[in-house]
Amino acid sequence: MRTGVWFIGARGSVAVTSIVGALALRAGLTEATGCVTELPELRSPALPGFADLVLGGHDIAETPLVKKADALAAAGVVPARLVDAVHDELVALEREVRPLPSAATQALTAAAITADLVAFRERHGLDHVVVVNVATTEPVPPAHPAHADLAALRAALDASGEVLPPSSLTAYAAFGAGCAYVDFTPSTGARLPALAELARAAGVPYAGHDGKTGETLVKSVLAPMFALRNLRVRTWSGVNLLGGGDGAALAEPGANAAKTASKQRVLGETLGYQPQGTTRIDFVDDLGDFKTAWDLITFSGFLGTAMRMEFTWHGCDSALAAPLVLDLARLAAAAHRAGRSGPLPELAFFFKDPIDAGTHSFGEQWSVLTAFVRGLDGGAA
Amino acid sequence: MRTGVWFIGARGSVAVTSIVGALALRAGLTEATGCVTELPELRSPALPGFADLVLGGHDIAETPLVKKADALAAAGVVPARLVDAVHDELVALEREVRPLPSAATQALTAAAITADLVAFRERHGLDHVVVVNVATTEPVPPAHPAHADLAALRAALDASGEVLPPSSLTAYAAFGAGCAYVDFTPSTGARLPALAELARAAGVPYAGHDGKTGETLVKSVLAPMFALRNLRVRTWSGVNLLGGGDGAALAEPGANAAKTASKQRVLGETLGYQPQGTTRIDFVDDLGDFKTAWDLITFSGFLGTAMRMEFTWHGCDSALAAPLVLDLARLAAAAHRAGRSGPLPELAFFFKDPIDAGTHSFGEQWSVLTAFVRGLDGGAA
Amino acid sequence: MRTGVWFIGARGSVAVTSIVGALALRAGLTEATGCVTELPELRSPALPGFADLVLGGHDIAETPLVKKADALAAAGVVPARLVDAVHDELVALEREVRPLPSAATQALTAAAITADLVAFRERHGLDHVVVVNVATTEPVPPAHPAHADLAALRAALDASGEVLPPSSLTAYAAFGAGCAYVDFTPSTGARLPALAELARAAGVPYAGHDGKTGETLVKSVLAPMFALRNLRVRTWSGVNLLGGGDGAALAEPGANAAKTASKQRVLGETLGYQPQGTTRIDFVDDLGDFKTAWDLITFSGFLGTAMRMEFTWHGCDSALAAPLVLDLARLAAAAHRAGRSGPLPELAFFFKDPIDAGTHSFGEQWSVLTAFVRGLDGGAA
Amino acid sequence: MRTGVWFIGARGSVAVTSIVGALALRAGLTEATGCVTELPELRSPALPGFADLVLGGHDIAETPLVKKADALAAAGVVPARLVDAVHDELVALEREVRPLPSAATQALTAAAITADLVAFRERHGLDHVVVVNVATTEPVPPAHPAHADLAALRAALDASGEVLPPSSLTAYAAFGAGCAYVDFTPSTGARLPALAELARAAGVPYAGHDGKTGETLVKSVLAPMFALRNLRVRTWSGVNLLGGGDGAALAEPGANAAKTASKQRVLGETLGYQPQGTTRIDFVDDLGDFKTAWDLITFSGFLGTAMRMEFTWHGCDSALAAPLVLDLARLAAAAHRAGRSGPLPELAFFFKDPIDAGTHSFGEQWSVLTAFVRGLDGGAA
């Protein structure tokens, strides 16, 4: 069950942490802490093993993987000894990380991406390839009529001009190559009617959006706590301070807005009303790949008594994201193999802003996920 | 479906907040914020209404209910306008709050308690009475061979000396009177084999222990979050600063130990291992009925990366406890009516240290509770 | 030594809290907690007593003082029993709170303000009047050449159009009436060369800017701690969540910018370099007059070791501001009486953004203040 | 001006961090961050330079310095590259770190310590030697009549049995050798009348007690802030979570009590009253050399309004202590050279529980310290 994992944004923090981790796991140098597919409830023969994963990707940057891995080690994201141990494999992997194609029309660019994916699959004789978007967050793109219909989209892509944002063009190309697609970012990705149509037609599954790793993860367990105790959340305000590449990107107002909306949605959907307050994202270069988030929650209880809670989360985003990226690749490949196509709402557990999700409650998402994996298991038997 | 609620510790903060709240709810003066039995998923014709509750209780103190209610209003626990509105009913209720009996042997004391309960039920023509322990937390009592066997217990109670701690003697008396019993405290209560035997023989249900209202409530949603994300919790340390009567009692080393153990259990049972760290309870008189708890959690993620979270909870314990006390009274009465006897593990959702609970995960406890209420519903139809 | 205190913004939270407090102090109903002029080191016969203060003011709003005081009591800012106790005096005071004049030219408006001030002084036979600006924070006004020179300013005010922002026009009018002026807000106030010229010419002192009551107060003691221990502050980021009238005003981007700049200045000036990070002010209506501020400070120590500190401040802004407003009125009146004119940099202790201050260190500001009061004392003897 | 620095506890975290730092500073490999004697206000020709410091010490443990330094690097206390750079000097220094002598009577033990100190001074031709106590915190020792009088003490030491705790015996031996003495720990050290007598007789100065590095440092700037603003601190409670050798020692109830008392003293002395609340120290092995302290402060302001502040301090104790240890060695040597003998209250700035200190206010301590250094300067000129 050799499975390809193709990173869009392969030279970024999340991708390189995932790569170093996958290589270290394969070599038996580390434990799978943070990988939920290694929990007893989710371990399954239907999932490809870490040793079955074959890695590659696109990026627009040229930083060598080893250099990025060294920087992550210096920043405390990954242990230097692991980077040293997988040094030669990182060097060898350079061959599989390619510049993002760019051509005269978006149709031609997509065709070049598809060609890269097909060549990767054939070169390694892979059963399945999962394309994972871990590229820089994009601003929300302008609406376009061709987003609603596959035929119209194909026509529009043949003309010049940008019809799809990069994340969606990649999803289009992935579907065209018969690859599953996972969007770990808040970008548009596969979230357009025309692309849903294409995924179904191509018989490939997809999942997203926006990995749930820090403040929102905590929100997704605390908000149900207040809801199930019938306590009234009056305000919920937060600030996220982060540096790193992701922080720099989110300092752009467009990307910031996309991310912030994604972060507050969980509250309204869990509580059934939108409490006052906002979530801020502030770039503080010196904080590097570690993020500090602080949230204040005020609520009222029996007879209206006012109370409050606050929390500070100090997490390493890339170290939280990478094991989930590997989980998602394993799960999407297994779903593909089991014949699933279109959106995978059962993977809501992983996302801030899940596609078609019935619930934002972490506990319920977990139940749905375990049932999903048991189902795959059946298929695998 | 007129239902009695008999408070052991009827003049304490939790009891009087519950009483003021029940009277205000009946009069339509307030909303049922904090009452989980009023959530859509749990609303059920099988449960007695707030207007069906008839109140009474025992206490060893003599503070008038009105005086205690005024003190709670001054402390910001309940609104002064509600206390004023129910003033006359509080005065009238004095008649139903009796000094805790005390006789030559524990058998005689229990008989006197039973007699009070039976008289209360008959005086008001009640279908069911639920005895709720909200008295001061006791120290862990010395073990006694008679705790293991009902016949031996009956014999021992006839002799002089203290065989049962007060909370267990009350449970014994409640069961003898055919009343359901809820232990909202960490005291021993019904948690002895001889009393389990008695409850089954008497055909009455019971539930406990130790209402989950603050730091432990938060623990019970955060610990599963770490577990389900396969993150390794390394240390979890906390401190609870509180004043009030409960704070003063918990300043006693014996009571403190009982409570502290109850608070850390959730971690070991949820995570499958015991992280380093302790939970402290410190009495700070000036903080009154509001409690501030602070917890620090350190954990490691993918490739061992060290991260941390901390939270501060600033809650009014009595305002958090009272609506749950009313919920428990409604649920225990309905269970009794539905023919349940012995422990009610389905009520684990409410407790720090639930009897026979399969899980400490808040989400799963919720699922079990909703199924339980749907089951009662069936019986009610 | 009867002294007038004339509030610009007399119907606002800070002013009404100051008024209720002054009346309660005069009646001996409360202690002078929060008034620094009541500390042993600053108590002085040179300062007018609380009983000597005669109150009045301008506002553009019309909310009755009693209504505002009731709202403050409901919000927990002042005790309801004190508002009740001074009810009649609040009603009587309505007479002394006048609508802010507005005329065809700014010169005419200023003349009307001056006339109100002079009438107030004469009506009550006051030795001195201190005008205190506690009005809504203004946006930073556009620069104007007439700001630099008194003669040019006089000429420009005679024309139509807005040459001075309201706070500066009030300062101009106060100086014209021979009144001392205190700016408790971050608005421009007397901070223009032409007004400095006028104050000296009129022989009146002034002080400002922006009362230091919450997060910035804490900054002004923590920043010197890091500096004096030779620890390198790398980042200092904060967020202020507040409701109330002040919160609503600061939600305006212009006012927000003025206030934010005032808040970060203390860091650069104390540390000698500007650490990374920003201070946010977010309006959360439901928080009312209480403000929650959270700050994260990261710093490095010996051999570069990375460390961090965070704090949460939960304060009632008006309750922190009001006693300082009374202090400043007493001090400015005594300075005026002692013959001081122009800026009073010795009052830097009270301000976020003090005029001509040599230091932002709280400890040093205190030393300067005590010396200043001892100096007045000498004059008073 | 070659100056000896003799560490009691030379193989501990604070000592080895100081040693690595001193060697790195001498080699120009690092900046003097955290050393207050390098601030412009304190730089003085009267102080020995870092390059003039000659190091040695006693310990009861045998861990090689290099091994301890490697452990500190692994724990993130010191950078691994600096430990590597000074590796050879650390090895060479083993020669100067000796086992703590132990003989039949305390008099003989003291004589052996004195002999070690004298030999060290002569071997290196040092002008002055400063003995710095950075050994494990001792429990509070039982009182003994001989503590009050030097002659009685000398007699008692000749008998068998423990008259002085180890820290005091070291101080006795240091004074006997004509060495200055600094107590960085909360142990008794020189704090006995008989030892004060001896220091004066021997013409040597001493300073202490208990380096002010973390929570207490913050307390010493926040408490004056509340005091100078005339705000009433109602409660101040804290918890310190720490691992490492110091944490393990403080887990002993005796040592814990000594340290805790030292930590709360600053509040009573600064505020003029003792607020409610306590300071806890809890050992959490996994936290290693980093300490997390959390403090809650509740206070009331004008008209009694209740407010609160909390802070979390996450510091590396050894990295905070080491530069101060070097500062103290430089200052004590200069004081000795300037002819000072007996206690040095001017060094209160450095200590939680300073000897004879007039004030606990950090700002005032700083003024006293700068004056002291300027005074030495005069002497040096």
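Chains: A, B, C and D, in written order; residue numbering restarts at 1 for each.
We take it that a contact is a pair of C-beta atoms (placed from the backbone, for glycine too) under 8 Å apart; a residue touches a chain by one contact, two chains touch by 3 or more.
All values derive from a computational prediction rather than experimental measurement.
**Q** Return the chains shared as contacts by chain B and chain D, ordered by label.
**A** Chains touching both chain B and chain D: none.
**Q** Could you state the distance in Å from the CA-based centre of chain C to that of chain D?
**A** For chain C versus chain D, the centre distance works out to 43 Å.
**Q** Could you work out how far the Cα centre of chain A sits from that of chain C, in whole Å?
**A** Distance between chain centres, rounded to whole Å: 50 Å.
**Q** Go ahead and note the Å separation of the Cα centroids belonging to chain B and chain C.
**A** Chain centres of chain B and chain C, defined by C-alpha means, are spaced 50 Å apart.
**Q** Multi-chain contacts in chain A: which residues touch at least two other chains?
**A** 310, 312, in rising order.
**Q** Chain contact graph: line, ring, star, complete or other?
**A** Graph shape, chains as nodes and touching pairs as edges: a ring.
**Q** How do the chains pair up in terms of touching? List each pair.
**A** Applying the touch rule to all chain pairs gives A-B, A-C, B-D, C-D.
**Q** Where on chain B is chain A touching in the complex?
**A** So the residues of chain B touching chain A come out as 17, 20-21, 24, 30, 32-36, 38-39, 76-79, 82, 217-218, 221-222, 224-225, 228-232, 290, 300-305, 307-316, 319-320, 322-323, 349, 361-364, 366-367.
**Q** List the residues on chain C that touch chain A in their complex, please.
**A** Touching chain A: residues 234-235, 237, 239, 241, 276-278, 280, 282, 284-287, 292, 294, 296, 298, 310, 312 of chain C.
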